[in-house]
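The block underneath contains the structure these notes are about, expressed in C-alpha cells.
Should a chain be cited, it is by its letter among A, B, C, D, E and F, assigned in written order, with residues numbered from 1 in that chain.
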C-alpha cells in the first residue's frame, strides 16, 4: 500500500502528463516491489514558482535570469 | 505536540466538516496519547481529483467511469 | 481515499495506542466525509525528541528543563 | 541535498518574504551542516486558515475570536 | 526540480530495489515532464507495519490475519 | 503557527547541530513573518543514504564514487 508524493513546480502540467505520472509511479512500485495497484496512492503537488527555492533563490527568480 | 496532516480530494469539503476534522483529530491524540491540545496542529490538504491517483488512474477518471 | 499522517514524538507509543490512532483517524474521515475505509491510509511517524523543536528548543531540552 | 518544507497559513506572505524564507533556510543548512546550496530545496506551502487547526479550532475561528 | 517521496511499509526492501525505485522515479519525471535529473530528489520512507493503517487496522494486524 | 520540516541525509548530525537547526528555523519565521515561536514546530527527518536519490542514483552510491 504505497503512497507516492510527486512535488513539482506549477508550470503547465497537463492532465495527460498527470495521468502518465500516476500510471508510471504506480507501475514502478508494482514492478519493483510487487505492490497491489488497488492500494497504491499517487498525489501530485504543484507548487508555485514563487514558493520553490533552489540554490537560495526562488524558481521565479531563476527563470527570469536564466 | 502532534502534527496531523489530513489529505483528501478537493470535492466540496465544507467549513463545518473541516471544523469536525480539526476537533476530531485533536481529540484523538488528546484521548489516546494524552497530548496537549494547545500544541496540536491539524492541517487539511485538499488535492484536485486530477492530481490524485489510485490503482494507476486519476480520481477524475475513476469518477467519470464509476 | 484519504491519507492521514500523524506525527508525534517517539516517547513510548504502544502498539495498542497505534491501533487506536489508526481506527480513530479512519472513523473520523468515514464519519465526517463519508469516505471508504478500504482506501483510507493512516501513517504514524514517530520522531526522536532531539529532532522535534517547539519554541526554538528541542523537546529533549524542554523535557529536561520542565 | 536537504529538502526543507515551510508550511504557514495563507495570510498575505509577500514575494519578498518568500525570498527571505528561501535564502534564510538555505543559509541555515549551509552554515550548520555544510550542505551544498545548489542541491538545497525549499518549498513554501501556504495553507488556508480554514484548513489549519490548533487547539482543536481552525485558525479562521481563532482569528475571529481573538 | 522535482521532489518525489515514496512511502512504503518496512518489509525487507533491498538496496537493489531502492536503486530501481530511485532511477525509475527519476526517469519518470525526466520523460514525462522533461525535468533535469541533476535536480530531481527521490526519498524512500520505510514505515513499520505497526505504524501503517489501512481499512482501520494496522498492516501488522492485516498480515497476521491474511 | 508554522510547521517546518528539514529533511537531510543521516550522516552524523549532532545534537548541537540539531539545536542550531531548530533555533535557526524558528528565528527565521519569527523574523520574516512575525510568527509566535511558542507555536512554531521544527521537525528534522534524517534519511538513510540508501533511501535518498539524486540524479537517479542513491547518495550511498554517489558517496562511494565521488
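In this text, contacts are C-beta pairs under 8 Å (C-beta built on N, C-alpha and C of every residue); 3 or more make two chains touch, one makes a residue touch a chain.
None of the values given here were measured: they were computed from a predicted structure.
A.B. asks: Work out which chains are contact partners of both subunit D and subunit E.
C.D. replies: A, F
A.B. asks: Select the interface copy of C-E from among A-C, C-F or D-E: the correct pair shares over half of its contact pairs, counted by residue number.
C.D. replies: Matching pair: C-F.
A.B. asks: Interface check for copies subunit E and subunit F. Shared numbers divided by all numbers used: above half gives same, below half gives different; which is it?
C.D. replies: Looking at both copies, the contact residues mostly diverge.
A.B. asks: Report the chain whose mean Cα position is at the greatest distance from that of subunit F.
C.D. replies: B
A.B. asks: How many angstrom between the C-alpha centroids of subunit B and subunit A?
C.D. replies: Centre-to-centre distance between subunit A and subunit B: 20 Å.
A.B. asks: Using mean CA coordinates as chain centres, what's the subunit D-subunit F distance in Å?
C.D. replies: About 13 Å, centre to centre.
A.B. asks: Note the residues in subunit B that touch 2 or more other chains, in rising order.
C.D. replies: Within subunit B, the residues that touch at least two other chains are 1, 3, 7, 21, 25, 39, 41, 43, 52, 54.
A.B. asks: Sort the chain contact graph into one of these: line, ring, star, complete or other.
C.D. replies: It is other, because the touches fit no line, ring, star or complete pattern.
A.B. asks: Provide the full list of chain pairs in touch.
C.D. replies: Pairs satisfying the touch definition: A-B, A-C, A-D, A-E, B-C, B-D, B-F, C-E, C-F, D-E, D-F, E-F.
A.B. asks: Residue numbers of subunit C touching subunit B in their complex, please.
C.D. replies: Result: residues 1-9, 13, 17, 20-21, 24-25, 28-29, 31-33, 35, 39, 52, 54, 59 of subunit C touch subunit B.
A.B. asks: Name, in rising order, each residue of subunit C that touches subunit A in their complex.
C.D. replies: 1, 3, 39, 41, 43
A.B. asks: Quick one: which bits of subunit A touch subunit B in the complex? Just the residue numbers, please.
C.D. replies: These residues of subunit A touch subunit B: 15, 18-19, 21-23, 25-27, 37-46.
A.B. asks: Would you pull the subunit C residues touching subunit F in the complex into a rising list?
C.D. replies: For this pair, the touching residues of subunit C are 7, 47, 50-58, 60-61.
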